[in-house]
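Below you'll find the structure I mean.
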Amino acid sequence: MNEPRVDRCSLGEALIYRIARTIEDGILAFHGFGSPLVQLALHVAKRTHAPNLVLVAGATYAVNPMPPFLAPTSNDWVMDRGAECRLDIEELFDLAAAGRLGRMFLSGLQIDRWGNLNTTRLGTESLKLKLPGGGGGCNLACDARHLTLWTAAHRAVSDGRGARRLRLVERCDFITSPGHRAADGRTRKGMGLVGNGPDWLITELGVFDFDESGHVRLREVFPDTDTELVRANTAFEFPISEPVATTPLPPAAVCELIRSLDPLRIHERELRPEDRSRTFSGPDCRPERHA
Amino acid sequence: MNEPRVDRCSLGEALIYRIARTIEDGILAFHGFGSPLVQLALHVAKRTHAPNLVLVAGATYAVNPMPPFLAPTSNDWVMDRGAECRLDIEELFDLAAAGRLGRMFLSGLQIDRWGNLNTTRLGTESLKLKLPGGGGGCNLACDARHLTLWTAAHRAVSDGRGARRLRLVERCDFITSPGHRAADGRTRKGMGLVGNGPDWLITELGVFDFDESGHVRLREVFPDTDTELVRANTAFEFPISEPVATTPLPPAAVCELIRSLDPLRIHERELRPEDRSRTFSGPDCRPERHA
Amino acid sequence: MNAAMYTQADKRTDLETLIGYIRPGDCLAIGGGLSSREPMAALRALIRAGTGDLELIGSAHGIDVDLLCGAGLVAASAESYVGFEQDFGMAPNYRRACEAGAVAVRDSCCYTLVQQLRAAIAGLPFMPIRSVKGSGFLDLHPEFKTLECPYTGDELILVPALRPDIAILHAQYGDAHGNLHIAGPPVADRLFARAAKKVIATVEQIVSTEELQRLGVTVPYFYVAAVAEVAYGAHPTACYPFYGYDRPHTAHYHTCASAGAGRFEDEYLHRFVHGCPDHAAYLAAIGGSATLERLASWKDGPDAWMKLYE
Amino acid sequence: MNAAMYTQADKRTDLETLIGYIRPGDCLAIGGGLSSREPMAALRALIRAGTGDLELIGSAHGIDVDLLCGAGLVAASAESYVGFEQDFGMAPNYRRACEAGAVAVRDSCCYTLVQQLRAAIAGLPFMPIRSVKGSGFLDLHPEFKTLECPYTGDELILVPALRPDIAILHAQYGDAHGNLHIAGPPVADRLFARAAKKVIATVEQIVSTEELQRLGVTVPYFYVAAVAEVAYGAHPTACYPFYGYDRPHTAHYHTCASAGAGRFEDEYLHRFVHGCPDHAAYLAAIGGSATLERLASWKDGPDAWMKLYE
């Protein structure tokens, strides 16, 4: 665990802040389980620009809880303490199906250009790697009004056999959660999905939105990343929203809030070890390059 | 209100006891609302031969309540005091639809030979009399494993214009709750209904079961009624299970139980004024004829 | 689809403003059931406001629906039951309005209603149901369709989603945020709240959110557009633990309603609805504190409770 | 259809008899979720009994499913998620069994599961759902069908009723009659209870029916065939308010499971399951009262609670 520095924000804090900025006030949003960055992003949003957010905690379905700290397991009484009221699994998913879930947050081991996600399996014919599965992600990707996608593992890694394994892939081996277009090119509308699909993809290398065709488009990089780095770690070509901006960094008060919400720094477990030391200096910081 | 006599049972008590005897132990049964005779029959059954009855109270959906007294309104806290647990409207009707409601109890202003009931309207073309409606009766008539039908108003009355209005009619003006055959002759099976339909029809004049064709068949009369009286008050011909028995009458302990359960004698409101004075002497009583 | 979320911090309002959320022609779901927890004060305010042409849906109801029918605000009824059980029998104003053709009769049945509300709750166009077959309800509801089940070959009935424009509930407790706590049987209130485009509620008491959490939230705040504190807001129906059912008042109501439209207008509506500018005036008209104390006496034990029904 | 009602007065039994209700080949729904309220003692007894060839259904699970996979009892998994979140990541035994083909992969998704359970609960052959389209789940589940909606013309997915042979739950409190009180998030337990042919349950404490009424009944008794009192029956998952999640034990489990099937067998299964003839022996093996006191320390406040996760 890295001790956070007072005068700098960490990559984790920057990601939390950036995810939080995708959350509108007055909507119902659900953070799912197993995603501390998103859990914290919702709490940051609710305590800053979105006080009327209906914050539904993943796994417990608690509404507007005040956890004393962030636990590494989502279905823990830690996570629903102080809840204003409680839903159950049926009610949350019904709300989504009825178009009342304003925003959902999803990730995957594979993400393609249309925002399709795979959290189910690697290997198309034979099963090479069984992933944990998508939970309710498929249903919510279909039904939520808007989706924020994120991953803290955009950077390609060696697969140990000399090849690089990419997170942003040409094609998902399995579509757990649909994005804007199916493999055969059909659109969400063509498939009769009621939600509007992903509008943000936030990674530890940069921030994408989606263009009118439903394709990811690079919008922002971090102070220590650039377009070329993003491109080198992405299996497909993508449009760029010029000029690429630098991702806005959290004000000190937000960093302090995150540190008080997550004293165990659980959210850093979502980051790869080499990313945990990436820090940026304050909200109007200049880049400090790593790697 | 008639003061009950110690040595005699009233017609109401006899009806309650006879309805109670149609209730099997170990099933889930629901008494609906607005039917004190049935409410009491369930409590009698549970406290005598059917201790494992799952007794669900109508309107409150309380399970195994112990009301301090019977109230004239069903959705009253009186009626759910001491409940072991509580269902809600969805759960009770789901149980029925899944084949788990063992027995339901229904009545109607019109009852035909197949056990079809009308609680909706008189008048086929124009609306002559709007009845309160069937509540959940239609759904439960379809789904319950078995049905006990009852009426305390079998005896025909003058309609005030010189004609006799019958309760057991040739044809219902509207089918609120289906019996064994539709007007066009289709059977329950043919219609795909999952419940087995009515197996008892208990009136203040006699007790019917249903023959293999699904037609009501007279089985029992009261000590003060006979086959001819039943026939004279029924719009259609019906088979008779010979020899017609005399309806078994409640033992004194059951009468005492009913009196303790219903100190306000709410159940007598279901009886016509002229029937409230009908009494019978004990479980092995001989008839005392009225009218 | 796309029903709104109601997230403002303070939704408290007065009864008249609350009633303003109901528009002429609305499909209205009234909470409570039979003689319990009917939003009667709100319905009286609705009558004073004159918002009519309403379509009512519900399961088992009584004086609430009968009163609105007697006031001429109802265009159609899809209730499952409207009456006074064995207590007083048929609902006189409802019956008269239906028989006169003023109210379109679209009777339904409890589970059919549940399935239709569930379709709305889950954003589905319909729900399947089996238990309507063989009944006259299929003729009353041409919008029901049939489907040959692709799994079993059986014929199923499809019933379309029913999304009330507004659900009006009376709860024991609420908070400023709009969370509601219902004590005792919820009847269809939770279903109505989730299916409706919006909920408005009267409550006996508005308490702090902390206190409401302790009691337990029956209807989460984000379904609720506005809430008004109206003590005795369910009278003459019961709202335990505060007060029981006012049987003498209901008997008087039923007598007036049975005597014909004119006498109901003169002897009941004028005296207890139009003649009462507000809820305080109504409480005085029904006998003031003596009546209210009598209705609270159920707490004194079964003998006192039983007296309320004599 | 025609699911039994369980109405006998006294359903108390011991853990081994309880587990006897599960038959080889059963479709099993396991209550709880992730690191909370998993019926772990019952699953360990199931492993000792060797009842295999099971088909598992559920929403978000972890060590419960992984343990059964590691013991070789699972033939198919239709779970939505099996893993250890960000805490320890993937589920090693589950993954290995799936990749080896020992466990048929029939992954599902939470709402799809809910709709399938709802169909069973309502005695319907299927439920409609919209939110599977565009995903790979349609290929994984050839039993799903499509329907052109007769109301909207949209394409809907129909998912068939899913009726587990048995649901196995762990609750905080139960009574002899089989009523269960679940404190905290019920996850899918109520759905499982209503959809399954029968429920068996372990509980931390059996209390009187009066006490259970006071607490509130989450699962009515008539769904429940048998109940066994097994204190610490959810360990190493949490069962608040009695005890929190045993993270060190879970870390040890994960290390053993990650080290391969053989080492999992030797170092975990032998030591904590097969090597423990009963639950008392298991509680001794995990460290006895020192461990149990540590897990109860969450009540001492946030600092103590936080220590459980370090």
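First chain written, first letter: the chains are A, B, C and D, and each begins at residue 1.
Going forward, a residue touches a chain if its C-beta (ideal position, glycine included) is under 8 Å from a C-beta of that chain, and two chains touch if they have at least 3 such contacts.
This is a predicted model, so every value here is computed, not measured.
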Of A-C and B-C, pair with higher C-beta contact tally: B-C
Between chain D and chain A, distance of the C-alpha-averaged centres to the nearest whole Å: 28
Chain centre separation (chain A, chain C; CA means) in Å: 44
Length of the line joining the C-alpha centres of chain C and chain D, rounded to whole Å: 40
Touching two or more other chains - residue numbers and ranges from chain C: 123-124, 129-130, 154
Residues of chain B engaged with two or more neighbouring chains: 86, 97, 143, 194
All pairs of touching chains, each written as two labels joined by a dash: A-C, A-D, B-C, B-D, C-D
Contact footprint of chain C on chain B as seen in their complex: 33-36, 59-62, 68-69, 71-78, 80, 86, 88-90, 93, 96-97, 120-121, 127-143, 174-178, 182, 186, 188, 191-194, 263-264, 266, 269-270
List of chain D residues in touch with chain C within their complex: 123-130, 145, 147, 149-152, 154, 156, 158, 160
Complex contact set, residues of chain C against chain A: 1-3, 5, 7-9, 120-124, 177, 179, 194, 209, 213, 217, 220-222
Interfacial residue positions of chain A with respect to chain C in the complex: 26-28, 51-54, 63, 83-87, 91, 94, 97-100, 102, 143, 145, 194
Residues of chain C touching chain B in the complex: 32-36, 59-60, 79-83, 85-87, 90-91, 94-95, 98-99, 101, 105, 107, 109-112, 114, 118, 129-137, 154-155, 184-188, 190-191, 238, 240-241, 244-245, 247, 298, 302, 305-306, 309-310
